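The structures come next, written out as structure tokens.
Below are two complexes that have chain A in common, paired first with chain B and then with chain C.
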Partner chain A sequence: MPQSIRDEILAVLLDRQPNYLSGEELSHKVGVSRAAIWKHMEELRAGGYEIEAKPRSGYRLVYRPDRVAPEEIYSHLQTKRFGREIQYQNHTPSTQIIAHQWAKEDAPEGAVVIADEQGDGKGRLGRVWHSPPRTGIWMSLILRPPIALQSASHLTILTSVGIKRGIERVTGLDIQIKWPNDLLIVGKKVCGVLTEIRGEQDCIHYAIIGIGMNVNTKKQDFPKEILDIATSLTIELGGDIHRATLIAAVLEELEECYERYLQEGFQTIQQEWESSAYKMNQMITVRTPQGNHTGILKGLYDTGALKLQVDQGTIAIYSAEIDIEKY
Partner chain B sequence: MAFKMHEIRELIRLIDESQIEEFEIQNEETTIKMKKNNGVTAQTVSIPVATQPVIQHVEQPTPVAAPVAAEVASPAPVVEATPVAAAPDMEDATLHKIVSPMVGTFYRAPSPDSQPYAKEGDLVQNETIVCIVEAMKLMNEIDADVKGTIVKVLVENGQLVEYGQPLFLVKTS
Partner chain C sequence: MPQSIRDEILAVLLDRQPNYLSGEELSHKVGVSRAAIWKHMEELRAGGYEIEAKPRSGYRLVYRPDRVAPEEIYSHLQTKRFGREIQYQNHTPSTQIIAHQWAKEDAPEGAVVIADEQGDGKGRLGRVWHSPPRTGIWMSLILRPPIALQSASHLTILTSVGIKRGIERVTGLDIQIKWPNDLLIVGKKVCGVLTEIRGEQDCIHYAIIGIGMNVNTKKQDFPKEILDIATSLTIELGGDIHRATLIAAVLEELEECYERYLQEGFQTIQQEWESSAYKMNQMITVRTPQGNHTGILKGLYDTGALKLQVDQGTIAIYSAEIDIEKY
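Moving on to the complex of A and B:
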């Protein structure tokens, strides 16, 4: 995606923060006239950025709104591939739909679609993810994993581990993972993941990992009926989070998990998952389309299936819902 | 050559869904006999434990080469008499099977209140999505990967399917 001049100016200012950058240098770096710079500065200000202009010193970025635009993310990002190409949408019905289209065309591995607002989040089986504007993270990561289709479920497990680490790094909050890949804080859901794949038996054409996260969602933004099972990072932390910073951290941790998985296999990912599992070694009830099972959660099989110890022995659960216990 | 575990599982499932009360199959080494515990067939029971067939492994030292093929094929007429889509393997061999590429739950539609991806009688192209198989919140959209007409949907919405299990029969064109 070609960057707009405004994005370039912003990137240069971010890079120089908190110091000043002279108009001349800025004009030189971006390759447009100083008059044009001035015009774009006005646009940025209209977009919520506070840019201080000081005679003989130049421009300085004082405040940036909590946007998730690519230049905001790039300025934090330390990855090789993940998030190196970003399609940013101000508003979209679903980042998954755009990612599918992009993946079918030529999206490289690690490409990301991000939206500042999502109209109707696509949840599992068409369920709608609650998304108040500009408070969450909605993004879809495109992967082209060189693995067999039967191993694809490893992707959902490693995704949950990567996101968990990203959130913990930025916020210091303690995250649990509810099988297979819901992220919880003290038993309330803060992030959901939907993975969609296209492929054949022996290869995956592409996988799209859709992530929906409640970041700066305030208590009053949640419908009452889900307040005891859902939360946001800001509610738990007591302060707002710069979403672009969080996205960069999540992408870095995801890339680390993904590369480790491709090189070393599933084992260390599995161990990490199990050490943060919600209700590990406790009694749970899982609801499957074929009926309910109650037993003790014993971790994962090496397929990523849930290991549930029931009266008759240990069974593997492939698709099910585990309800969150209300407090 | 022994029966593979997934073959036995598949057999159990097919017998379970059919109205067959007793079933026997043998090859060079092994004979498998299945008999239902009671006369009730399990069609829509959510936990099919009560009506699961009993499996007996009988070691058969004497190979009986010739009749084996006939034995295997013999249940076909019985199966065809049942209205349930129970035995895809015994259907017209010229029909193409779309099989599940993984273990998971079979969904015919993108959401509970949407139209199914593919119904019997629908024309499909290679790229047509015919269903979703879900495991561990991983949604795998299955392409028809063949051009033709859907003759039969072999599994129910929400059913757990095995790796390699036939999902649809397609008359190719």
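Moving on to the complex of A and C:
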């Protein structure tokens, strides 16, 4: 459901690519005059789109800038609620901060804050997340899940599954999920999830799901000290990715996972997660504030805790770090 | 550890009650001149204290107003951290709101916001809490517990146990705990707990424990429609209670429960809770968003969920209402 005349024109041009579309047909489909079409075309060109206009053939879209603005996303999006309302920022300190404010006001469930550049991106436990301009996806999704506070970690788990499916659908790359909140390609981090919760003793008021993904980041854009533990989709794929297409795919898969979770419970999400888990059935060491545990990763408990098989049996890990082995 | 000269003078006078204390001894104990003592005495009198001054005998405290201001609380308090920093308000819309702001800034663990009157007190799930002026305890305690988000409901449970112990110590009344967040006397509500959580997927940033207690509320102060489900300590006891003394006792018991929980885990707290639980081993009906369950209340799971024995075995209830039977 595009939101403006400009979105509609773009959607029709995208749909017809690489062929031409006559001004008359375009005017008819969108329901505005040919003069209005011409005006909107100029605006699209000013926004970086290259639109060829050929006498007797009509208009043809020849180049789309890699923008993550709402009109690009809406033109790809097939969801009911996720991403149906977008706040877009060229630059922001953190999409999480804007999303918290919006959630306190009147944001509907599924509303998304997206930025092209983050000045002060947050990782888990207050860490800095490196977010260079126009190369990644930095977005925050607002959820109002009718679940117990005890189940909050399910949200991070289903988000990881949804993102994995979205990336795999668009790129064909094989994604692993590292507990609690990272996505990896061949053992290197490509995406992180930060789930922030506002709630009371037995319910969640709202959750902000922050997603930071390295998409078109080149090797030289990464700080040297993280090059052997971090990667991007373009490095692994050998070509650039249209970010708005990827965002739409991720939002669609997230919506599917979220609705399935609310309707059917955690079980199928848990199975998908376990089938993609980094180091599943292998020996790992987890670092917790109370000390380290070494054991075999056996998947998840239905609470979302990590199941670790140690000498004494299996133990539940709620909060810990698993180190990535360097390749 | 009193905070000001005035607190120290008050503490010395309280300690000597009902006997006299010479101006010379007072001056010596507090370490200020007799002229300064006289000035502080005048301030205490202006605050509602009645202090008798008798030639050749000295000073004697004869009346203390029932105030919940810090100097009254400090003079009774034997804690390490809880209540060591207090923000006091004569009137505030909600102590929870002030506590959230303070926690985001630099409040140390154990800091407390106390008000004599709340204009817009909050109950669980956004409900209104009736808080008439100068009759109750309306306070919010800031905690920074190093526990998993999944364990957040433990905080409400240990708070209920601590408050129960504090009230019983001061009044001798028998308190029952009603899951998830109420304290009752003979089946009528006397205190409510509201635990608000800020966190991310696997940890708690901070928790605000809101406590609303009907202390010196008279029958005529309650709205008619809640008279058969609510009560106050003075109604049950037949006499007024010095609120600052009660606050100090509650903070001491809360600190003991909290430290025991962090050091030894949930088990002994759980046992205390179960030994005081309303309707323990009796048939109850709980109302959840997914429907009603009727069964026998068997206590708590170690997650803090309610354990209900139904035909199919025992089930865990995370979020629900238990109706109070009317007497």
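Following the convention adopted for this analysis, the second predicted complex is superposed on the first by the 272 of 327 C-alpha atoms of A that agree within 3 Å, B and C clash if a C-alpha of one lies under 4 Å from a C-alpha of the other, contacts with A are read in each partner's own complex, and residues count from 1 in each chain.
In this text, a residue touches a chain if its C-beta (ideal position, glycine included) is under 8 Å from a C-beta of that chain, and two chains touch if they have at least 3 such contacts.
Since we're looking at a predicted model, the values are computed, not measured.
Taken together through their common chain A, the two structures put chain B and chain C in a clash.
When the two complexes are overlaid on their common chain A, residue A:Pro146 makes contact with chain C while staying clear of chain B. Within the superposed three-chain model, A:Gly291 lies in touch with chain B and out of touch with chain C [touch as defined at top].
By the touch criterion defined above, A:Cys203 lies against chain C but remains apart from chain B after alignment on the C-alpha atoms of chain A. In the superposition on chain A, A:His76 makes contact with neither chain B nor chain C. Of the two partner chains placed around the shared chain by superposition, neither chain B nor chain C is touched by A:Arg16. In the superposition on chain A, contact is made by A:Ser319 with both chain B and chain C.
In the superposition on chain A, contact is made by A:Pro180 with both chain B and chain C. Applying the stated contact rule after C-alpha superposition, one finds that A:Ala305 touches each of chain B and chain C.
Clashing C-alpha atoms with chain B after superposition occur in a single stretch of chain C, namely 260-268 (options considered: 26-34, 170-178, 224-232 or 260-268). Note: residues 124-125, 149-150, 152-153, 155-156, 180-181, 193-201, 289, 303-305, 318-319 of chain A belong to the chain B contact set and to the chain C contact set alike, using the contact criterion stated above. The touching residues of chain B, counted against chain A in their complex, run 46-48, 101-105, 107, 110-114, 134-141, 143, 145, 158-160, 163. Those residues of chain A that touch chain B in the complex are listed here as 124-127, 149-150, 152-153, 155-157, 179-181, 193-201, 288-291, 303-305, 318-319.
Interface residues of chain C, counted against chain A in their complex, comprise 124-125, 146, 148-153, 155-156, 180-181, 193-203, 289, 303-305, 318-319.
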